[in-house]
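Two complexes follow with chain A in common, the first pairing it with chain B and the second with chain C.
Up next, the complex of A and B:
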């Protein structure tokens, strides 16, 4: 038994080391200043200072956040409305909504971007705008996460009875859904939205293929920095990682809060 | 004209008829119970009255007004559901105030009414708690307060006590009845528990397979069930065919079936015959205590007869002991 525990612990440490080593090395590498031999001579936060003072980098963060907020807002609204209709009026249609929302799981970013370009680039309307195409593509790829999050939240409460109870008290069905059901699944919506933020933060393929370099997000900035200065690129990577960690921490906090509730 | 009139109500799901031509009248201020086994259509009938289910055909009138096509929120009907249906994101007070806010009442009026109603249901101390922070019984009382605060024309209760333990259920039965009488509310109560129906109702409508089997006040329903189903559902009647009756008494029955209540059967002295009574000789097969009632099962010539006596701890019969039973003819009902 004791042997088994020791073996498990050893295996765990090994896996942790395997996973964390590249991360630690990247952090250490981002702090190098002078490297003359096998080990570096000086460490400095210089790269971080330069990056955080770079207006272009800060603009990249703002652009990336905008690329998160708008598609997530659109997708949440669309899925909430679809689920309102399927829950209250047509429960039998729910499985079709589920299938539609899950399809983006199966589509590769490259295929999606090429398909969108070939379909809309000559559309001539606002749909041919590259930014609209990008936000549209983001709205589609985050659909499975948003749908599943909202679905899980709704299955935790008795939507039918709560809607009926509100209706019997004089509320219209739409009012009941958005005044009673939505506030009760708000943490689920936030959690799934944060997951979607994580996905958009990490995207390179869609933004590169759909907008070229005209819409620089954090991944594009990272790619361009890598070409010129690898130490600086490591620092950019660490900052992106810290932002992602922050998002994950908020997600876990909200999940725990929901569980406590 | 009755306060609530349901005329020729038919409800079908596909080709399955759940309600078959139901006619029901309910007088103002009464607490009426829809009683029946699972799947008999009692909850569907209630939901048709509430508007949450559309009727396939038929008409519903409330206070003289045809409400058949009216949306639930416009019917002025309050409802308490089987599941705890309090809004989890609101406190007890906010839940109770919800209906009044929708009616756009002033803040002062809402505060006053919420305070009063919470006092009536005994939840003043829990006003600021969330539904998850109070017990099941308190949740149902809050749901009741929420349903009656808007002064609906009718209060519907869809098995509101079925998820509550026996002791609390009895106290809530009395409480609901007290509030209903105090505020003179017309209420329709759905239950599958016949003893609950007996305790609470002014009138019981017994449903079976989508039809009303019998409508009567509780005592009448208990003493004079009109059909075999009513006898079997209300009061644990002894039910016998003409063949079984002949086996027990040696007499011939001119009807198909005979029923009598277990507490109407008496133990008597050997060989004693009485006018207008059937006497039988049997052997005690088993005894089971149901609270203050002791139920014997007596084997009478191969036919089991249930006999209820008061559990007084003295003069009890032993298993296997020979005994004599009598049942007055007036206590027997034949179909």
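Up next, the complex of A and C:
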């Protein structure tokens, strides 16, 4: 038995080492100026100083943030409204809402981006605006995650009883839903929104295909610097990974807290 | 009324574009009218045959590789449940968001032409490392396997909760070794989850774009690259052809889902695979 525990531990350590290797090597790479031998030389934070002073890079962070907040806000609102209708009035419609929400999961980035592009590239109105296309695409691509999150939250509480109780006390259905149900499932909404942040934050396909390079987010910035200056790119990489880890950590923390409840 | 905003967004950015792509695929890029010309081009031209073949190949290889490692990893998590297992889960969650351009860049630093491992290989005289070429389809397969492992493991971990200790004990009582247990009981019981995970991995690899594009630009023949290329092409766009390629890709995904569903039904009925 002892031998077996050692073997499983060894296996896990091995997989962890494999998964962390590219990360660790790139982090070390970003901290040294010279690495032509096995041991790197000349520790320096210079590349971080350069990019953190680069206005273009800071603008990228702001753009990425905007590209997260707006579509997630839109999707959470429209799915909540749709779920309000399906839970309170027409439960039979839920099936269709679910199907519509799950389609983006199967078609994924490439097909979604080219189909939106081909549908609206010649449209003259605001639909032809590349930024509108991008935000629309983001709103759609995160639907599966937001839908599932809200659905999970709702299945944990008894929506019907709560709504009826509120109605008996004289509240309108709409009021009951948004003032009683939504606050109760807020933590699930936050968790799914954070998952969506992770998706949009890591997106390259949609932003490249839909906007070319006109809307430079952090991924595009990394792509362009990695073609020209790999030391600078490694610092960008580390900052992107730090933000990603932060998002994951907060998501995991909230998830665990919810489970304890 | 409250359903309206949802329907508008879904229609505008999901349903209409999808219908447009399918319709485009039946329209000639040169003339007008309904035609199967685009599908014919795909079937005849070596470039597109290769793209389809390469995409299926890399998706199958990476999904298989990913699922084998994930099976061992998830099994280890289920069997240990200690601090290490917790750490392992945290790292898996962390790394599961590690894909696309950042992953491509990290592999460039690690195994690219002047990469760290290449230096190590040269210094220590390991020719497999020193001569490794990342910019080939084997190099790409390696990166694909990398991003499949965390996803696959996270999907498989919950399934192992279904393996009951009593079954292992029963097999042991009858004189069976652990290997026999997994061959005859464990793996068949887990098969529906394994197959489901496999189809998710397949779709994930088939649609992967950013990682390959960041390393290879358009110098590799894969379906997503060809699709994107025919819309955002350098010379002129070919929406008809791109549409047809997109349809091919969606059909491939659906086929894999159907196939794995069918196979897993076989296992759920308790049929014996051997």
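Everything that follows uses one rule, which is that the second predicted complex is superposed on the first by the 254 of 261 C-alpha atoms of A that agree within 3 Å, B and C clash if a C-alpha of one lies under 4 Å from a C-alpha of the other, contacts with A are read in each partner's own complex, and residues count from 1 in each chain.
By our rule, a residue touches a chain if its C-beta (ideal position, glycine included) is under 8 Å from a C-beta of that chain, and two chains touch if they have at least 3 such contacts.
This is a predicted model, so every value here is computed, not measured.
Of the two partner chains placed by superposition, only chain C is touched by A:111; chain B is not.
More residues of chain A lie in touch with C than with the remaining chain of the pair chain B and chain C.
Looking at the shared chain after the overlay, A:184 reaches chain B, while chain C stays out of its contact range. Of the two partner chains, neither chain B nor chain C is touched by A:62. In the superposition on chain A, contact of A:167 is made with chain B only, not with chain C. Common to the chain B-facing and chain C-facing surfaces of chain A is no residue whatsoever. Per the touch definition, chain A reaches chain B in the complex via residues 157-158, 161-162, 164-172, 180, 183-184, 261. Residues of chain A that touch chain C in their complex: 4-5, 8-9, 11-13, 15-16, 18-23, 25-26, 29, 35-38, 74-75, 77-79, 81-82, 84-86, 93, 97, 100, 103-104, 106-120, 127, 133, 136-137, 139-140, 143, 174, 198, 202-205, 208-209, 212, 219, 222-223, 226, 230, 233-234, 237, 240-241, 244-245, 247-249, 252. Only residues 2-3, 5-7, 9-10, 12-18, 20-21, 24, 69, 72-73, 75-77, 79-80, 82, 84-85, 87-88, 90-95, 97-110, 116, 119-120, 123, 146, 149-150, 153, 203, 207, 209-210, 213-214, 224, 227-228, 231-232, 239, 242-243, 246, 249-250, 253, 257 of chain C touch chain A when the two sit together in their complex. Contact residues of chain B toward chain A in the complex are 50, 52, 71-73, 77-79, 81, 83, 85-89, 98-99, 102-103, 132, 143, 146-147, 150.
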